[in-house]
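Naming follows writing order (A, B, C, D and E), and every chain is counted from residue 1.
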């Protein structure tokens, strides 16, 4: 703790030397040192920040992410805290981003001022763009819990890391799994029509366009729609009219609920089925809970936990025991993993100095996480090299991973039965 | 019947009425005359509680009424027919009249009152389905009076009933007003048409700058030099 | 822009009409409040959300059929509307329009986040099999819950129309919206009429919430999705005009839905705003309004 | 009381206040710097709105249209044409002004007033947002990032917040000064006359249409300039925080709460609102929604009890006190 | 010299004919009174002259120039100012600021406009009230303010719509004196007035309109004896009653 305090102070002074003003040091240090002294008086506690939208239209996702961060930390504290630091406890400071970059910036600044040694966030890429920049300026590591934009890691930032598979990975693997299904069940699939939401859906769409041909697919058209659209019948009629072999669907939970109902109403049944890609609804337990029968057999190529891992299953169980407000969903996997990475790095670094922590995170090779794929290892941009999407399917009101085999807990039901056959 | 004691009224910071004291006795026609902006309309609005007085008292049939809500005043039978008529333009003549008998007491006698109104204003009977906004000015004034009569007034206050109306109709309206009075309704008439008003009324008050400057029997006022000079220039 | 085939066009027209019914219902409450009190109520969406939640909880906790819950959501929203009017709107009735607007904005912020605090940000749905059926006529699909919502919207509009046209109280409300002073002179209690109008407006949007819950999701921030469209409808049909709101809702619903058949993504909404601005500029009294001097 | 005496006091006050504000970054951590930058920034935008909404009485509910125009103009010029952001800022202002004149011409020509004008502006901002979304879907689906160039005054990019602090302060001071400049001159009197009574203004020889357009042009220009500052501060833009209704509301809330049609109203309002939202979020942000509940409730009560904003309330109290004094 | 000519003006509102083929001329330097019963179309006439309303037919000439199509502010700039019957102050501004707005019509500088406004306030007797808000004025003071605003634009012709009505006798006398003072400055005055004493003593000539038509024109004493005027003004009943009594 002592060393940390000093280094924080020293850091602030360095940031200000450009002012070239003698005597500034003491003045500048005092207001910053004040809370630090207060912290020093408290028992050993390491602060990490969680910035998520817990109000507004995506409050659902923001809450699920924040809960995962809390869960990972609580488990670690229950297990005795950071051992290399004498059992120091970790504390999560949550700040609502309201989904606004302006608020995200204030939150990041405040959390760092309060002494957070790492930040976790932010779900919405525009907010993460800002918070990662703040973290970079202060030299505090920032783990992206969920945030799909490529730009997040393209700015040469040293302090930004992401455990989640990126859009390319999810799009490519979805195409790959589709091809595997097609081959395995001997159903010729060639054409794909994409229905996607604007924003992140457009990103996934462009990646799909890039990878489809590699796996022998042709994109015959795409239909986009906006966030908060009250009715989606025309859009789905349009995509139905394209008569593709497969419909790939990209969107969030809210619009997903409307789409699934409308697919059912219009009896949209392409021969290769409707497959989600990075879909916030299709592999979401909440959707399954809400939609019941209609959720059955829906597929989604997305990040997911490793069903073969007993650890992963126990985490989910505990999550759902602890949090009834918002139940576990796939986003939580990577919020949990990102937190584990921070904890692991703290353990290895033996210090909460943000710079050293950053180096420890960069050297991460972490096997005991809850996602499929190899150990979490970051490339030079900060992206987890071994992240991978899997293909999920709802079977008997539960989401099962069906592909690839080594991370699956069920066999695919393919071709997807018609809507009327769902029970 | 109606007595007003030492009434002051303010709009924001501006005093509009200064110590107005006056009374109306049962079955009389009383008129208040005065120039634009003298405070006549304000006085009527204050009596009907649309404005609040800052000082003074208003009594109606032995009850103090200056704290009541406007709809309670109407319920007591103290009815104002506003300047500019204020009929409901996109409702039919019939609906306008029906709304006159909106309060329960009046509603009980709706069809009876309606018959009386049509007897007074045969023109309205011919136009029951017509939208009120499409009537001529005179007809609108008739409708406004008719609507006022539907409320079963004990004291009817008319604010400039001749404003902007063709002379033929003005005559008809004044004739009707007299008839209403003969049937037993007390009238308080505010007019710029000084001679018409004084000619018809029993008593009159002259309001200038929010003060009563002159009062008396209507015929005395009619011959008053001050009135002749101020309001007619002859 | 690509040209849709006939089946798509028919489908989009039909689903536009159905959706338009819901817009109408949201807009009717809004237009009533505006017509009588000249207040732009930005809390309308959050009140709709409360209607949806009423239905949802009645079903989940007590198994009340969503359509039956109209019997609850309408009176609950009505009373809520009365209270809001009495305690929050009355003090600002004479304030400048933008103050009223900001007040309702603050109110909606409060209601939405109260709901978020109480009921979590979950997206909830009514998972009842009979709500998941659809009728197919030729190539055109008609979703059952939307059809019900549409008919209820017509029914409620007719009922309200009857109420305003043929009852004394209804006439009093209309009278107050046309001519305040005239209304006062016949003994109409304006304060009560304002209260009532706000209550009825809120009850309408509560009903709209209940009727939307079967085909939509229920979530604290759901109201915003409908309410801006409702504004367009209100202006389109003429502020304060009932029949205008009904027909305007249907036209906007169709415009949006057919727009989606021609244009990609969000441009369907663009068309609506475009119509909106044109109406504001060239016919601010609404397409059915008479221009008054 | 001698004038000279008063002047000395004024100068002293300005020196002390100015010194305090200029020296503040020496004492403040980055969080507080951000807090102050946001106050200055929204006071600047609020002042821009105030000229049109507070002085000329045209209540715009869609200033995001100009703000977003500024955000996108300078950013796109910078990325696609290599235009320096400072020049971009000027061009952004001009673009915003052009848009303002266009919509102003239409609205004022057809006599849109009150709620109708407010709604038209709201719709305009929403339309621009939709265009931005559609245009960006294929090119920048998740927003546009301005390439980093490190600390550079030339490129309007700084790693530290201190320069932003001074820039935003200067912008705000400039806007306040401009407001005061307008207020005491013919143009300001004309704006107020139009706000109070259009036909009386017209009868006194005021070309109401022209002066409304002038107010619109100034307001739109400044708002768009603010948009460029926003881009350069965050170096990342997307449609919602450029054209969203939330921005429109945030822009006008400050002047309304602080006191529309007063010079310092926007600053006061921005300060109070930022303080309120930061403190409620800091203390109650952990309870989902509670901080915004309180924010909403405070807004409701301010509007009920201070209908003319805080400055309006202060002036009224002051007026009553002085009146009471003259009476006795 | 004719400074203002109203030529065959007709103005309708829906079905109602407010002005019908109305013509008259205003000579430079005179005070022309316009009288007529309530609703005769007097205020409409002012609104047409100052372009707040467009007439269906007819033209308005100011110093020989057709100004029918101009906008109200352009008419004011030409030197034709007006007051409103229902006073239209800029409610939340001070009395001084109200008058300054008129003065800016020809003075761009704030300081000089203030001087000018103060001069006019002094002349109309509102100088004491200069720092009060316009809403806090009494009706009499509002009428004075209305006049002061119009005077500040430095008009050649001023249209006064009931500036005396509503004043108490002392105020009315002051106002009448001030109107004479305006005339002495060489400003031509067109006057609508209800207070007969005022209009009779002020006007050089009088035009009487009734139901939008001119029914009489001439010197005050001529007009007041014209039976058509008496009938229109006092109503037939009065004439009849007089006959009966006499």
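As a working rule, contacts are C-beta pairs under 8 Å (C-beta built on N, C-alpha and C of every residue); 3 or more make two chains touch, one makes a residue touch a chain.
Predicted model, so just to flag it, every value in this text is computed and none were measured.
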item: Neighbouring chains shared between chain B and chain E, ordered by label; value: none
item: Fewest hops from chain A to chain E - one hop per pair of touching chains; value: 2
item: Separation of chain E from chain C in steps, with touching chains one step apart; value: 2
item: Label of the chain whose CA centroid is most distant from the centroid of chain B; value: A
item: Between chain E and chain D, distance of the C-alpha-averaged centres to the nearest whole Å; value: 43
item: Between chain A and chain B, centroid-to-centroid distance (C-alpha), Å; value: 75
item: Whole-Å gap between the CA centroids of chain B and chain C; value: 42
item: Whole-Å gap separating chain A and chain C, where each centre is the average of the chain's CA atoms; value: 36
item: Residue numbers of chain D (touch at least two other chains); value: 130, 133-134, 137, 288-289, 291-292
item: Chain pairs that touch, as defined at the top of this document; value: A-C, A-D, B-C, B-E, C-D, D-E
item: Residues of chain C that touch chain A when the two form their complex; value: 4-5, 7-8, 11-12, 15-16, 19, 22, 113, 116, 120-125, 127, 129, 132, 134, 141, 143, 215-217, 219-221, 224-226, 229, 253, 256-258, 260-261, 264-266, 268-269
item: Complex contact set, residues of chain A against chain C; value: 54-57, 59-60, 62-63, 198, 223-226, 228-231, 233-235, 237-238, 241, 253-254, 257-258, 261-262, 264-267, 286, 290-294, 325-326
item: Complex contacts: residues of chain A adjacent to chain D; value: 12, 15-16, 18-19, 21, 24, 27-28, 31-32, 54-55, 59, 63, 94-96, 98-103, 105-107, 109-110, 112-113, 125-126, 129-130, 133-134, 137-138, 148-149, 151, 154-156, 198-203, 206, 224, 226, 325
item: Residue ranges of chain D touching chain E (in the complex, touch as defined); value: 184-186, 189-190, 192-193, 196-197, 199-208
item: Partner chain A, residues of chain D touching it in the complex; value: 26-31, 33-35, 38, 130, 133-134, 137-138, 141-143, 145, 148, 159-160, 162, 234-238, 240-241, 246, 278, 281-282, 285-286, 288-289, 291-292
